[in-house]
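For clarity, chains are labelled A, B, C and D in written order, and residue numbers in each chain start from 1.
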């Protein structure tokens, strides 16, 4: 087990103590597992609360701050948080304008956020929820758990966060969040499995020279295993899958936001190389790239691999994307 | 009739089983999940033990189960936290305030609990989830606690060839086939613990 | 070989194409291996040029932009760039105010930058050089290659860059850069070796349950191998080594900038947990932490591990640290 | 006397040796370096081949060596690029414009080249660097090219028990002991290539 930790049990609490030490401008509640924007209640904004299992850093705690999340609820590693956390977070950020929960579509997240929403409404809060389910690798049907929420979450949180920062009301912030989700699609590949602190060994066995296509962000294997592909081949496969799905709901040549996201252990050098191939495929297909983001944003612990997320962006989404943001992991404009 | 002590012994045996089998549950959750089911339940049942230890000695069965359910919801997270939490809360609610309950009442209450799990998670038997152990297990309660445990065990084993339609395993599609479901496995542990509690009291 | 690449030979060129695609505000010259700030020559500022082997991303290309580097020269993976690159970079950024080369102390970097400096001076440019050598794991002596340049490079580039942005003249920018280097010390540990594209297998063999203390950023083993330590023990060891050395040149209780830097494959979750321990040790020793930075900034490809760098900062250095910066990998204030 | 063709054959043989041994050089650079020496020299000597192919057919020995040296400096990077580049450039400068040079002139020019390497890198024999092959190798040129190659080989092998004081290996302190220096190994290849060129011409 090659981990920079004290014990498997204290990983999340230790990380929160570190966030508290590194970011004095955040309210970090280690005991109750919350990261809250210090001025969350000022300005009468809609509160934006997200959360999920830990191990996807900087998501979500790294996105708390001006122009993005009001609070984040980190669960144990790869385990959705408990309703108590979301309930407390909602209480801490509500300024009377209501709260939007941004929920990645996993059974655990959905159930826990749902329970929290009911409890919050019992407390008199107005709560809306948006489900992020951008992963095209998973078949979507009424009879399954549906598509996973992955890289698209960053787009939802940034853009809805900008709308909330501008003072948009709850229903508008929720509508924008849903629009972003509906406009976003992702596809991920793994070159290695990841190791959770609790298990201490890789979650699956991936022989050298093979890769997994269509992985999620929880160390689960993908839909398919193949012989190793080049960066160019992977980009063609992944962007192809994303575009095909995206084309079902809008014009095929609309400008996109492009996120090339590292799973944790893939060097930035390789991610940029991969982005070059993604940009090439998009250009060949006549899809203009309005903005790019390359780096580790929605990770899977120490997994090697990457995902690509495209979000079809109209002028209004672009404007909100460009709006100032000041968080630990995403910052521009101030 | 079953008194509060019976339910304390059940939850205690369940906690012991989870402590013993946590690594195996996490191991089962690796190929078709995210390798946390054992540690999730361990965290939850350690908290349940503590909650029960702190509960009023006079608390009736229904209150104990509701407390255990609330504790699971507040400490487990993941899919299994709300599901098992709901199972125990709903079962507890059904039992009401009575200080002692009949085996028939236990069966009916658990039946309602399992129903609540099915409604909450939207799953049905055959989807490769905890319901594949819970449903046959609770049905077999009609004959005996031991039969219930055996049926749940068989139900868990029977998930291996299934294609998952709910939970994380469903993301794997065809590749989910050939692995036993971790939640069905822990459900079998819970019903075995119930049989142990009943056996010890018999 | 678990790499997201096309071929080992094209890794650096592919990454530069990706940078060009992701950052339209940078001038990326793939052929000549240069990343240049588009407005480098405007404003009559001193030019700040750095570079070194690739594989340490986001260093240096990710630090090109407003308030930091004017240009970066990426070499092959772990191989210092050639003089032609630095010479061309100097020409591209000089606005008559002269150019400062920020050179990490490795024989290759020193020799190649030295050759470039001589050629640039032949061309009539004023060139100053600052050598970064912050790694306390290496014994410094006249008879060795001396200490390596590692995490301290980020502090030098940021703070000297802020001075240049303000319009400080060459000798002043160079003096500040030297002051930052003399005030910075680093110590690194590896939990796994890294794999270079050229070799395709780990550079050294590190059995599970052991770690290397005192590593550099080129996949070289450290000074010492030990049985695995906890995050807390590693922090005590590393911060202890850094503080002991730092105390030789200044007050032991001066405020510091703290960088907890990931080597590439260690999850941010763990880096924050490690930062908590670093902060704890510093507090116990009465060293105030003025600013913290936690993340992957000076990496060693896909190595697991981290380094800690402390920079003793007076008010002026702090002011320059806080000054606006706008680069791909470090951004605040605009 | 040695003409331009002799030096072309030398550099050609050197390039062939580097092509053949690149993986081994990189391998040697792994335990005590950064695993790039072979690929560094390969990149450089491929460029040298191309530069020489494009050079004037009438270029004298000195010009050819200077061109090769400049090419290494512009393509290799790392420590070995400037060092080997300087070796060849300085040697070439010493040979001046002459179309043919004596073996004694070759020896003196290489001697000056090795001196320049020592001054540039600040290393001395015993520091576990390329100088541990270059210095004895060039000294043995006084007897024959073959002796020079043998002496350089022996010098490279003799670096194994040394504690490195220069280059990356020095970061390892005591742990640098027990590994042969990659640069000394490539230097021995260069002198073996020289002997091959001389042997082929004899």
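Operating definition for what follows: a residue touches a chain if its C-beta (ideal position, glycine included) is under 8 Å from a C-beta of that chain, and two chains touch if they have at least 3 such contacts.
Please read all numbers here as calculations on a predicted model, not as lab measurements.
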| item | value |
| --- | --- |
| Whole-Å separation of chain centres (CA-atom averages), chain B against chain C | 53 |
| Rounded Å distance between chain C and chain D, as computed from the means of their C-alpha atoms | 31 |
| Chain B-chain D separation of Cα centroids, rounded to whole Å | 73 |
| Junction residues of chain C, two or more chains touched | 77 |
| Contact graph of the chains (line, ring, star, complete, other) | line |
| Those chain pairs that satisfy the touch definition | A-B, A-C, C-D |
| For the chain C and chain A complex, residues of the former touching the latter | 1-7, 10-12, 14-23, 54-55, 57-58, 62, 77, 191-192, 208-209, 228, 230-232, 234, 260, 264-277, 279, 289, 292-294, 296, 299, 301-302, 304-306, 326, 329, 331-334 |
| Complex interface listing, chain B residues touching chain A | 26-27, 30-36, 38-40, 43, 73-83, 120-121, 165-168, 170-173, 175 |
| Touch list for chain C against partner chain D, complex | 8, 53, 75-84, 106-108, 111-112, 114-115, 137-139, 143-145, 148, 196, 198-199, 203-204, 216, 218-221, 223 |
